[in-house]
Amino acid sequence: MSNPNQMFDSQLAARHRLGKVFATICFLSTWFSFAALIVMLGTILWQGGSWLTWDFLTSYDSRMPAVAGIKAGLWGSFWLILLTTLFSIPVGVGAAVYLEEYASKSRLTRIIQINLANLAGVPSIVYGILGLSVFVQMFDFFRVNPKTLVFPLGIAELRVPLPFGPSVLSGALTLSLLILPVVIVASQEALRSVPSSIRHASVALGATRWQTIRDQVLPAALPGILTGMILSISRAIGETAPILMMGALVFVAATPGNIDSPAQLVTDPQGVMDAPFDSFTTLPILIFNWVSRPKEEYQYVSAAGILVLLIVLLALNGVAISIRNRYSKRARW
Amino acid sequence: MPVNQPEPKGVSTSLDKRFSVQRLKEQLIRFVLMFCALLSIATTISIIYVLITESLFSFGESEAFFQQVSFKDFFTDTKWTPQYADQHFGILPLLAGTFLIAGIAALVGIPLGLASAIYMSEYASPRIRNFIKPILEILAGIPTVVYGYFALVFVTPYILRPFFQDLLGFDVSVFNAASAGIVVGIMIIPMISSLSEDALRAVPQSLREAGYALGSTKFDVSIKVVLPAAISGIAASFILAFSRAVGETMAVTIAAGQQPNLTFNPFESVETMTAFIVNISMGDTPVGSIEYKSLYAVALTLFLVTLTMNFISYAIMRRFREVYQ
Amino acid sequence: MATTLQGFTQIVNRKKTLPTEDITPSPLKTRPMIESCNLDFFYGESQALFDVSLQVPPRSVMALIGPSGCGKSTYLRTLNRMNDIIEDVRLEGKVLVEGIDIYAPQIDVVALRKKVGMVFQKSIPFPKSIFDNVAYGPRIAGQRNKNILKEIVEQSLERAALWKEVKDRLNDSALALSGGQQQRLCIARALATNPDVLLMDEPASALDPASTARIEDLIFELKQNYTIVIVTHNMQQAARISDETAFFFEGNLIEVGETEQLFTNPKEKKTEDYITGRFG
Amino acid sequence: MATTLQGFTQIVNRKKTLPTEDITPSPLKTRPMIESCNLDFFYGESQALFDVSLQVPPRSVMALIGPSGCGKSTYLRTLNRMNDIIEDVRLEGKVLVEGIDIYAPQIDVVALRKKVGMVFQKSIPFPKSIFDNVAYGPRIAGQRNKNILKEIVEQSLERAALWKEVKDRLNDSALALSGGQQQRLCIARALATNPDVLLMDEPASALDPASTARIEDLIFELKQNYTIVIVTHNMQQAARISDETAFFFEGNLIEVGETEQLFTNPKEKKTEDYITGRFG
Amino acid sequence: ATGCKVENTNSTSNVNSTGDRKVSKEIQIDGSSTVFPISQAVAEEYMKENSDINVTVGLSGTGGGFKRFIRGETDINDASRPIKESELKSLKDAGIEFIELTIAIDGLSVIVHPENDWCDAITTEQLNMIWKPGSEITTWKQVDENWPDEPFKLYGPDTDSGTFDYFTEAINGEEGASRSEYVASSDDNILVRGVSGDKYSLGYFGYAYYVENKNKLKVLSVANGNDVSIAVEPTAESIEAGKYVPLSRPLFLYVRKDSLQKPHVATFLRYYLNEGQNLVNEVGYVNLSEEQLKTTKQTLEEGVSK
């Protein structure tokens, strides 16, 4: 019996070395990615830092770099991402729950599964084309006879134009379709990693399927679901091409719903109701436009714009990140 | 044998499904969730509808793309010049460009992403992990235009040129597939690192303990116990990330140049399918012209190619998936 | 018991289609509480149960014994349709609970599982606090009242002989309990839902003699109102607590009978071999 | 045996500060194989072990008994530093294996754990095939030869009394085994790595009497070459297989002694109460 | 959906106008990225003076802009090329009448590296030699004996820009007729970077990008024909005077006639052609000559009055 032990002993040093090499590779990979980010952020900060002023945030775009601002884009992106989150997260998590927890492993679910991975690879511009014909133009259903549906809601009226036109709503729906695959697949994996014994234990106590999902499975899967959300919202906030394609503006001197202060979100219900149906521009569109302008100063303006975009992104993700940190204690079951 | 016959059919029992708010709620939830899942199918159908009507058959008076260009030309011609006077519609250069860049991106992004995931999940302290994970996720939110410029003004002149051109003697163009592939690779890192990290960390701690108790090093536990148990989530992250690389548009439009070259030389400039699509759709091409329609043909091809890829990877994944408890 | 039953029927059986049952004072062994008829069970291709027919009278304890891997857990899980959740399994034959075919299409499995509670072989606490683990069942059944919940939790933990050890740390994670504590927690969790039938898969396997004794006392006490099916490897335990014992072997039910009779005077050779320790 | 020792110390104790030990032909009970001195252990704030000092002679079986939650598992895990992996724990005092302080900074935990094998209270098969589960240890130790691996797997499963049941389904998932089968699989897995010391946390808790008897036989056999520390709730078992028994109570080691003496003539009142079943 | 009202909205263009709280009048412009800066500048100035009017400018490209224009979604389409036959037909089919306004001139500049000391002027014939389809020219020397025997690095806009179409038409005689081995980008700033980073480079792109990057680039004078002595340097004056031929092109606005009937659109366009002309230079393009401007104004007034 000494033979295997000898083998163990003789190889142990080599195994430790392998382990060290591996650990170093992992360590370096992480910090390499970090370094790449720092280089990019550093460059952007260096170029745009001094252009990032209060005026920059509160004025509209201009032909003069010195006074150009991102107000329209900031509010446009805010509404766009808000609505995108509201649509895509419930639908995405819902679809994942259905596929993982309800659907039998039939051919249909398999097709949906492959289809999802495939949708993740459809170029964003194609979603733009899609959004244009589905949401903006609504297959020309209302071509001859555009309508506005009016719903009186007490404090304000909800006025829904048909077709939606190149509005925030159309953009948000388009982006939702774009990011859904990532939300769904990430959530599915998170659900799948919850041991089925937890489900068994819950069901055996007389919990219904939905109670089991709501009380046991979803909380355990929350960190992974949040990751999918963070990644896809990050992507959505930076998308340019599909939004431009579906008719977002580049130069506009107004904000959706004419809301231009956080206070108005509370005090102006009619503006809030109108904002989703308004035309808009977004931060990445402004940045995209500035980058290709001949004046050199626009490079700095666009860098400042990128900084704002990243700050907005961090603020939006911050909530999700902190919840995730709290929930992601290692599962010890 | 049984002494008591079961209740005859038709007589309801205390365990029957019966109407209750709770049951109704359950059914409703199930229905709503199913609707969510079917939405993805609806999306696909709409995409296919839009693409096919413009490329395969046309319902209007103008002819669809493939009514004017033969499949044979499309798949065998080695030139893609729809906007030159001398028009050629060979998709191969675009396909090559797309997969060259996506391949480089995968070579960069997958190892870096996976190694980072393992580092964060198995090696890093909670403090470092809680710091680095969201930081890396910022990479996913940087506008892709920025990646394009990063490739152009940093990767090519300061990394590729000094090393491959000055040292090894390759000819590195200003726009090249390598720089675009590298930045797209960096762009997809967070997708792989974050999703894989979640998958790795969802592996029960007790499995790690069982591994250690058998005399494993951390490497053994990470690679031979935890990684296989998390393979489903890791594979999913790879597929999502690779799909993203294939579908990425702005960065490659800027960094890879816009020359449809049938080449696998990473230092030449190439054009990807996505770059072509974005170009046509935001340029001055008159709608309805054959050049314009070619964008739908390209999009459809891309769609079908990725679909095939996904079928294959799905088949592979099913074979390797391990489930615990 | 009357109130318990009432509570149960109020929830499961709002229309009270069978009100007679509620009033029948004591159906006592007239009709089996649980009955399986010619039950076959398959994991994929491989058959795990062969033609098992067994009857458990109400308000009694049935012990299932047999060598490891003989199908005891599998059988237990067919009684509240826990096998529904596993993929790629097949069941043939019938299982009746109170005369109702529980595999009939119109059966509400949720109501069934609420009625037929279960303690698993491996204890699986939810990754929540001790309190939330025990309160989970009552909560999903609609109990919102904090005080009642507290009472149920205390009472269930008390009966599972865990209260003393955990009463000061009810809000700690259940995963930080020792193996035996987790097992008792799972018993308490099942008790809290107040089922009519309790399926217990080796509930005392990780317990010290004292705790085991307390669990056995509990079973004895529960027997007054509940029907209990228990898997155990401990013959003494089976002898102490059960009214009847069933011996499984390689997926077959070899023999079932009054516990005393089965242990002292088994009919089958295999049973005798097993209880005298000649197998393995 | 001598070679194993040599290997271990070569690694653990590269500086060979204690070279004399290697040559001692047969230390036979002269010096404890495992020794803990004034061990305190804390989970966060709460102390789980108080000043435990215990010595396990080589080639003997030490049984740990005590009520659920008294710290037996915790103690066992300190002996091969499995507690390193849990966050927020603290240990004070010393643990010596073959006289070497295993908590010393230069100790190679991998070599330590290879030498001091462990079977957990809850069986945790890897989500791999049965074969891969058992072959895991030899594989990571560098064994690549298929035939040798097969041999090791068969032999280990045989010793754990599982071979007969699984020999036709070695490539099936280990998760599709019954509770008792999983437990035996985990024993086989630990045996396959060929440790010198075996820590077993209730290895027979989910086993039927016949399998239990086979495991007890195994322990008896192993004792010839190995040192074994076993947690059990079964006094009879402790009495049957162990040379010495240690009684834990609320984190304290109350009494340790020759098994026979401890069971027949305990020195401490608490021990007596426990073994006569007056606790709980 | 209780109490839901349906309002029929007649014109798509004000689907988004939402009642009295918003500025009441909108003008929607979309189209060419080349013309965008001018329209943006005019809109910006105009709105400073007329706060009740909201002018928005999109950036769908000339072709994409026409697509929306044909659908009746925009009032004005910016174009960097004249409307095409097919687009004209679609407009007719849709029953949309329009006027075409020439509003500025864009010069195409041929650019080399600032350290290029051997070449100050080039003829269109030489350009044709270099850029024609299937051109075999790879070194400077092949074009002119006196130039160094170094390989060219060619830069130009991608095939989908109006600049490419115009250049190929003017130099190679047919739109889209071009050699294809050159570095192409849709972003002229990138071309600037390329040319300025390479001593033996040659490229062409919009005049505005040269003006803004004068310090990094050297512009070539261009002679129409084969006589280099008549070469003209692109300057605001030479382009405006129509001397810089053939590499200057007009930029257009296409305006829907029924939009023109709205007073605020007409006023805006008048502003565009008067005060707005001062902004053309500022964003890097060249003004129309007096005569051309007069013709344009006339076209506008005719369109308004009709």
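A, B, C, D and E label the chains in the order they appear, each numbered from 1.
Here is the rule we use: contacts are C-beta pairs under 8 Å (C-beta built on N, C-alpha and C of every residue); 3 or more make two chains touch, one makes a residue touch a chain.
Molecules present, by chain and UniProt name: A = Phosphate transport system permease protein PstA; B = Phosphate transport system permease protein; C, D = Phosphate import ATP-binding protein PstB 3.
In this text the structure is predicted, and so the values were computed from the model without any measurement.
*Asks:* Among the chains, which has its CA centre at the largest distance from chain A's?
*Replies:* D
*Asks:* Just how far, in Å, is the C-alpha centre of chain E from the one of chain A?
*Replies:* Using C-alpha averages as centres, the distance is 35 Å.
*Asks:* Rounded to a whole Å, what is the gap between the Cα centroids of chain C and chain E?
*Replies:* 81
*Asks:* Would you kindly tell me how far, in whole Å, the mean C-alpha position of chain C lies from that of chain B?
*Replies:* 48
*Asks:* Express in whole angstrom the distance between the two chain centres, defined as the mean CA positions of chain C and chain D.
*Replies:* The separation of the two C-alpha centroids amounts to 32 Å.
*Asks:* Pull out every residue in chain D that's touching 2 or more other chains.
*Replies:* Counting only residues that touch two or more other chains, chain D contributes 110-111, 114, 122, 140-141.
*Asks:* Would you pick out the residues of chain B that each touch at least 2 other chains?
*Replies:* In chain B, residues 204-206, 215, 217, 220, 281-282, 323-325 touch at least two other chains, as defined above.
*Asks:* Please output the residue numbers of chain E that touch at least 2 other chains, ranges allowed.
*Replies:* 33, 59-60, 64, 187
*Asks:* Can you identify all of the chain pairs that touch?
*Replies:* Applying the touch rule to all chain pairs gives A-B, A-C, A-D, A-E, B-C, B-D, B-E, C-D.
*Asks:* Note which residues of chain C are touching chain A in the complex, please.
*Replies:* Against chain A, the touching part of chain C is residues 80, 82, 85, 87, 110-111, 113-115, 117-118, 120, 122, 124-127, 136-137, 140-141, 175, 186, 189-190, 193, 195.
*Asks:* Quick one: in the complex, what on chain A touches chain E?
*Replies:* So the residues of chain A in touch with chain E come to 60-63, 137, 145-152, 159, 161, 163, 165-167, 244-245, 247-254, 257-258, 270-271, 274, 277-279, 285, 289, 291-296.
*Asks:* Going by the contact rule at the top, pick out the chain C residues touching chain D in the complex.
*Replies:* Contacts found on chain C: 43, 65-69, 73-74, 121-123, 161, 165, 176-181, 184, 201-202, 205-214, 233, 235, 274, 277, 279-280.
*Asks:* Show which residues of chain C lie in contact with chain B when the two form their complex.
*Replies:* Against chain B, the touching part of chain C is residues 9, 12-15, 17-18, 21, 31-32, 35, 37-38, 53, 55, 94, 96-102, 104, 106-108, 111-112, 115.
*Asks:* What part of chain B is in contact with chain D in the complex they form?
*Replies:* 204-217, 220, 224-225, 228-229, 322-325
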